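Next come two complexes built around subunit A: one with subunit B, the other with subunit C.
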Partner chain A sequence: MLGGVFHAAVLFLVAAGLQLVFGVQKILNLACGSFYALGAYAGVSAVNWALAAGAPPPIFPLVLVGAGLGLALVGPVIERLLRTIYDRDESFQLLLTFALVLMFEDVIRFVWGTAPHQLSSAYLVYGQLRVGGLVIPVYNLMGFLLARTRFGRIVRATAENRGMAEAMGVDVSRVYVRVFTLGVALGTVGGALVIPATAAVNEMGIDLIVEAFAVVVIGGLGSMRGAVAGALIVGIMRAVAVATYPEVEMLAIYVVVIAVLVLRPAGLFAKAAA
Partner chain B sequence: MSLRLAVAAALGALALFPLAGRDYYATLMLPFFGYGIALLGLNLLFGTTGLLSFGHALFVALGAYTAAFLTSKLGVLDLEVILMAAAVAGAVIALPTGLLCVRYVRIYFGMLTLAFGMLFYSFLLKFYAVTGGDEGMRVLRPRLLGLAWTSFGKVEFLTGPFYYYSLAVLVLGAVVMWRIVRSPFGLGLRAIRENAGKAEFTGVDVRRYRLSAFVVAAVFGAVGGALLPIPTGLADPLLAYWTHSGNLVFMLLLGGFGNFFGPVLGAFVFIVLQDQVMSITQYWRFVFGAILAVVVVFFPQGLTGLLDRRQRAGT
Partner chain C sequence: MITNRRTFIKVLAGAAAATGARLDVAPALAQAAPVRIGVLAAKAGVTAPVGESGLRGTQFAVDRINAAGGIAGRKVELVVEEESNPKDTVERFRKLALQTKADVITGGISTAVGLAVGPVSEELKALWLAWDATTQKGVEETIPKPRYAFRSVDNEAEAVMASILAARQFKGKIKTVAGINNDYSYGRDNWAAFLAIMKKFGMNVTPVVELWPKLGETNFTSHVAALQQAKPDLVFSSFWSGDAPILMKQAHAAGLTQSTKFVLTTAGGVHESMKKAFTPEGAIMGYNSLYFEAPNASPLLREFSKWHQERFKEWPNYESDHAYFTIVAYKAAVEKASKAAGGKWPTTEQTVEALEGIEVESLSGRRGYRSDHIMEASYYQGVTTHKNRHDFVTIDPVEVMSTKQIQKPSGTGLYDWINSWSV
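Let's look at the complex of A and B:
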C-alpha cells in the first residue's frame, strides 16, 4: 500500500508535466516518459558521485532533486525543435515526440549502457518515505505558482486563449519555453525520485508513459487535480492488484482507462469546456 | 502513365528478386509484404479518413497470434484458412473496439486506440497458459495451396513458395484497397477527413463510415500480421506494444500517407533501412528517431510527396 502511494506520487509528477504541456501548448508529449528515465539515470549517477565525494546520506533527496532540475536544461533545446511544428496538425506533433522517445532511448543506452543502475539497498525504504513526502510540497508549490503568481496568471491566460494573450502583450513563445521546461523538470525530478525505490532500467521510460497516459485520461486532460486523483487511482490499484491478482495488474488499469474514456471522455476532473 | 510503369517495374523486380540468389535479402522482403498489407489498412484510417491510430499493432499482433494459435494448438496448417481466420478475428475484435473508438477524433481517438492496444498486450503477456506470456507462441510452417512443400528446406521454402504467396497476398490486398478507396465509400471517407460536419450534411453517415474504415483497417492489419511471424516461427507479445504501433505510423509517414502506394513504399524503405543501419550501429533507434524528426518537420508528405513534387517541377 505504501508502495502504491509512493508510485502514485512519482506518477503524479510525470503526469503533471504532461498536463502542463498539454494544457498550455496542446501537445501530447510522449517523450515525458523519456525525461523520467533520463532523470532516474542521472539520479543514480548524481548520488553515486555525491557518495564518492563523501556527502552525508540525509542530503540524498536534495541531490536527486538537483539532478532532476539540472536535466531540465534540455527543455529549451527540445522546445526549439517542437516550435517548428506548432501550427501543424496534432498528429505530427505526437509523432515528433515519438521520434524523441526513440532517440532518448538510445541516448540512455549510449551513456549508461543496458545494465540496470541501482543504489545500494541500504537507503531504499528510508529514502522512499522521505521522497514520497517531497511530492506534497511540490504539488502545493505548483498550485501556488499557477494560481497566485504573475507567471501563473500569464500561463493560464495563454492556455485559455493564445491569440488574446498575445494581443495583451504576452510574449507567448517565451511562455512556451518556460512551460515546456517546467514540464520537463517535473518529469526528470519524478524520475530522479524513483531511484531510492527501484533500479533504473532501459525500458522504464516507454513503460511509464502508458501509465502516465492512463493517469491523464482518468483525471482529465489538462487538469492538475485530475492528475492527483488519476495518479492515486492508478498507483493504488496497481499495488492492490499486485498483492491480490498479479495477472490483472496492467489489465485492470487499461480497463479503467477505457471505462473512463467511454463514460466520461473528458475525464473525472475536467472542466466542462475541455 | 508513369505511376503504372513504376508499379509494374516494382512488381517485376520483386518477382525476379529471389532468382538473384541473394537469400538474405529475399527473406528480408518477407516482413515487408506483411507490413505492406497492414499499412494499406492503416492508411485507409489515417490518410483517407484522417484518424491517427496509435494502436494498430493490436490487429497485427492479433493476426500473428491467430496464425500461432491455429498452427501450434489446433493443427490447422493451411495458410488460406489462417488468413481467413485472421481476417475474421480482426473484424470481430474491431467491431466493439471501433464502436467505442470512433466516437472520438484527433488526440482522444489516438489515446483510446493506444489503450486498447496495451490492453491486448498485457493480455498476451499475463495469460501465460493461452499465449505463452513473454516467450510468445510458436508458429509452424503452414501449408500453401494445400501442399506441404516438404521437399523444400526452410530457406528454400521461405524464399520460394512462401515469398510468392506473400507477394500475391500483398498485390491482392492492394487491388482490394484500391477499389475501396476509389469507391463512393472511399469518397465519403475523404469528405469526412476534409470536413466531417459538411460530410454529415451531404448525407454521409459519419460514424458508420468511420467504423467501417476502422474494421477494414483491422482486417488488413490482421491479415498482414498473420504473414509476419511465419519466417521467424514466433509470435511475440511485443508485436502489440505501443512502440510497435508507433513504428507502423512511422513507416506510413515515411512513405507518405497522401499517396496510395506511400505506405507500401514506407514499409519497404523502413525495413531495408533498418537492416542497413542495424548492421552499422547498435544505436539504430537514435538514427531512426532523427529520421522521423526530419520527415515530420521538413517532409510531412513523406517520400512519395517528395517524388511528386520533383515530378511536378520537372514537367
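Let's look at the complex of A and C:
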C-alpha cells in the first residue's frame, strides 16, 4: 500500500504540471514526462556533485529539490517555442511536444550516456516518505497560490477568458511563461525526488506520460483536485493489483479509465477550478 | 586560383591526366576497395545501452582488423544504421543491402526486429549475422532453415545455467520461489525454464508469486511489497536493463535482501549499476557471454577491457562480445573461403558455407556458429561478492559453461531436452 502511495505521489507531481499547463494555456504537454526524466538525471548529478564538494549527506533532499527547481529554467525556453502553436490545432501541440520528448531523450543520452544513473548509497526510506509527504504541501501550496494570491487571480482569470484578461491589462504572455515554468518545475522536482528510490533511466519519462494521462482522464483535465484523486486511484489500483492478481496490473488502471470515460466523461473533478 | 586561359588549360589537362591514371588502375583498386560492414544498432529506448555496447565491440574489432591489414587485404568500412521498430529497421536493412551494398550486415537486438529482418535477409540473399534478436518463439517459423541469416544464442540459455547453479547452491535450503520477470517472451521463457529445471532437479519448490512488470518499468515498490507478503525463499529475475538495480535497491530498502536468496540471470548486463550498497552477497548473477574480470581472461579480453575502461570509463558487458564475434567470424570465414577459391574474394554463398561450423577467438574465449546457424559461446555466472576493488558486486567463484551444455541442441524442443537430462 505504501508502494502505491509513493507511486501516486510521483504521478501527482507530474500530472499536476500537466493539469496546470493545460488549465491555463490549453496545451497538452506530452513533454511533462521528459521534464520528469531530466529532473531525475539532474538530481543524481547534483547530489554526486554536492557530496564530492564536501556537503554533508543529510542535506541531499535539499540538493534534489534545488536541482529540480534549477532545471525549471528550461521552462521559459520551451514556452517560447510553444508560442508558435497556441492558436493552432491540438494535433500540432501533440506533435510538437512529442518531438520535444524525443529530443530530450537524445539530450539525456548525449549528456549522461545510456547506462542507468543512481545515487551511490541507498537513501530509499527517506525518498519514499519524503515524496509521499510532499503531496499535501504541494497541493496546499498550489491551492494557496492559485486561490489566494494576486498571481493566482491573474492566472485564473487568464484561464477563464484570455481575451478579457488581456483587455483588462494582464500581460498574458508573461503569465504563460510563469505558469509553464511552474508546470515544468513540478515535473523536474518530481523527477529529482524519486531518485533516492530508483535509478534514472532514459525511457523513464515516456513511461510516466502514459500513466499521467490516465491520471488526468480519471481526475478530469485541468483540475488540481482531480490530479490528486486520479494519482491516488492509479497508484493504489496498481499496488492492489500487483498484490492480489499481478496479471492485471496494467489492465486495472485502464478499466478505471474506461469506466470514468463512460460514466463521467469529463472526469471525476472536471468542474473544479484549475 | 585560375588566373588566365593558359593556366586553366593546364589545370584541365592535369585533371584529365589524373582521371586517366585513375581509370588505368581501376581494376586493381576495385580489388582493394574497402569491405563494407553494415551495422544495425539500437540507439533509443530500453535497448539503447545494449546497442551502444555492441557498437563498441564492433569498433574495437574493426580497428584491430584494419591495423592488421584488413580482411583478405581489404580495409573495413562501417556503415551504421539505427535499429528501431521492425518496419523501419527492415527498410534500413534493405538500404544497407541494396544501396550501400554492404558485404555483410551485423546487429539486431530486439526479437520483433529479428523476426522481420530474417526473412528479408533470405529474400535479398544478404548475409546477416545477428547479435541477439533471433532467440525466441516464432524464429523457427519465420526463419526456418536460414541460409543467409545467422542467429544468436537461445533465450533460455542464461536461465538454464542460472537454474543449474541455483539447484547446486540452494538444494534443500529453499521451499518457495517467486519470479519477477518482464512481461514478454524473454521474461516468460526464462521463468518457465527455471521452473522446469527446478522440477528436473527434484527441488520440490512451490512458486508462491509470479510478477510480470512491463519492460521499462522503474518503480517496483508494489512488486516488492507483494514479494514481502508472499515471503519466498528465493526470488528469480531475468531483468537485464536499468530495472535490475532498481529492483534490488527497492528490495533492499524493504529488507528483502537479508533473508531471501536471489537469482539474477542477466543483471551482469548492467553490472556497474549493481552497487554493493543494495545488492547482497550470495546471489547468483549472470553476465551472459562476457565477464570483464574472468579469472582466465585472455590477453584479448584484458586488452579490450582496458581499452573500454580508458575510453568510456566503464567496464564492458556481453553485447560487445556478440558484436565482436560477428565481425571476426566474418573475417575468418571470408579468408577461409578465399583460400579455398584460390585467393579470389569469395561469393556470399561461399562465405556462408565457411561460416557454418566456424570457430574463432572472441573476447570471451572460443565462439562459433553451429551448422544450423546458431551461435555457440561460453557463459559466465557465479555467486555475488563484495570483496573487490569496485563499488559494485562481482562474482566469485566464476562458473563457465558452454552453450553445448546449456543450449538445446538442433531440432529439439526446450522442455523435451530438459526432461532428457540425467541428473
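By definition in this document, the second predicted complex is superposed on the first by the 269 of 274 C-alpha atoms of A that agree within 3 Å, B and C clash if a C-alpha of one lies under 4 Å from a C-alpha of the other, contacts with A are read in each partner's own complex, and residues count from 1 in each chain.
Note that in this section a residue touches a chain if its C-beta (ideal position, glycine included) is under 8 Å from a C-beta of that chain, and two chains touch if they have at least 3 such contacts.
Remember, predicted model here, so these are calculated numbers, not experimental data.
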{"item": "Clash-or-fit label for the pair subunit B, subunit C on subunit A", "value": "clash"}
{"item": "Subunit B versus subunit C as contact partner of A:P116, first or second or both or neither", "value": "second"}
{"item": "Which superposed partner A:A199 touches (first subunit B, second subunit C, both, neither)", "value": "second"}
{"item": "Partner chain in contact with A:E105 - subunit B first, subunit C second, else both or neither", "value": "both"}
{"item": "Which superposed partner A:A239 touches (first subunit B, second subunit C, both, neither)", "value": "second"}
{"item": "Partner chain(s) touched by A:G143 [first = subunit B, second = subunit C, both, neither]", "value": "neither"}
{"item": "First, second, both or neither for A:L95, with subunit B first and subunit C second", "value": "first"}
{"item": "Contacts of A:I258 with subunit B and subunit C, given as first, second, both or neither", "value": "first"}
{"item": "Partner chain in contact with A:G4 - subunit B first, subunit C second, else both or neither", "value": "second"}
{"item": "Against subunit C, colliding segment of subunit B, chosen among 25-33, 97-105 or 259-267", "value": "25-33"}
{"item": "Intersection of subunit A interface sets (partners subunit B, subunit C)", "value": "102, 105-106, 109, 206, 246-247, 249-250"}
{"item": "Contacting residues of subunit B [partner subunit A, same complex]", "value": "46, 52, 54, 100, 103-104, 106-108, 110-112, 114-116, 118-119, 122-123, 125-127, 242-243, 246, 249-250, 253, 282-286, 288-290, 292-293, 296-297, 300"}
{"item": "In the complex, subunit A residues that touch subunit B", "value": "28, 30, 81, 84-85, 88, 90-92, 94-96, 98-107, 109-110, 206, 210, 213-214, 217, 221, 246-251, 254-255, 257-258, 261-262, 265"}
{"item": "Complex interface listing, subunit A residues touching subunit C", "value": "1-4, 6-7, 10, 102, 105-106, 109, 113-116, 118, 120-122, 124-125, 128, 194, 197-199, 201-204, 206-207, 238-239, 242-243, 246-247, 249-250"}
{"item": "List of subunit C residues in touch with subunit A within their complex", "value": "43-46, 48-49, 52, 209-214, 216-219, 221-226, 229, 241-243, 245-246, 249-250, 252-253, 270, 272-273, 275, 277-278, 314, 391"}
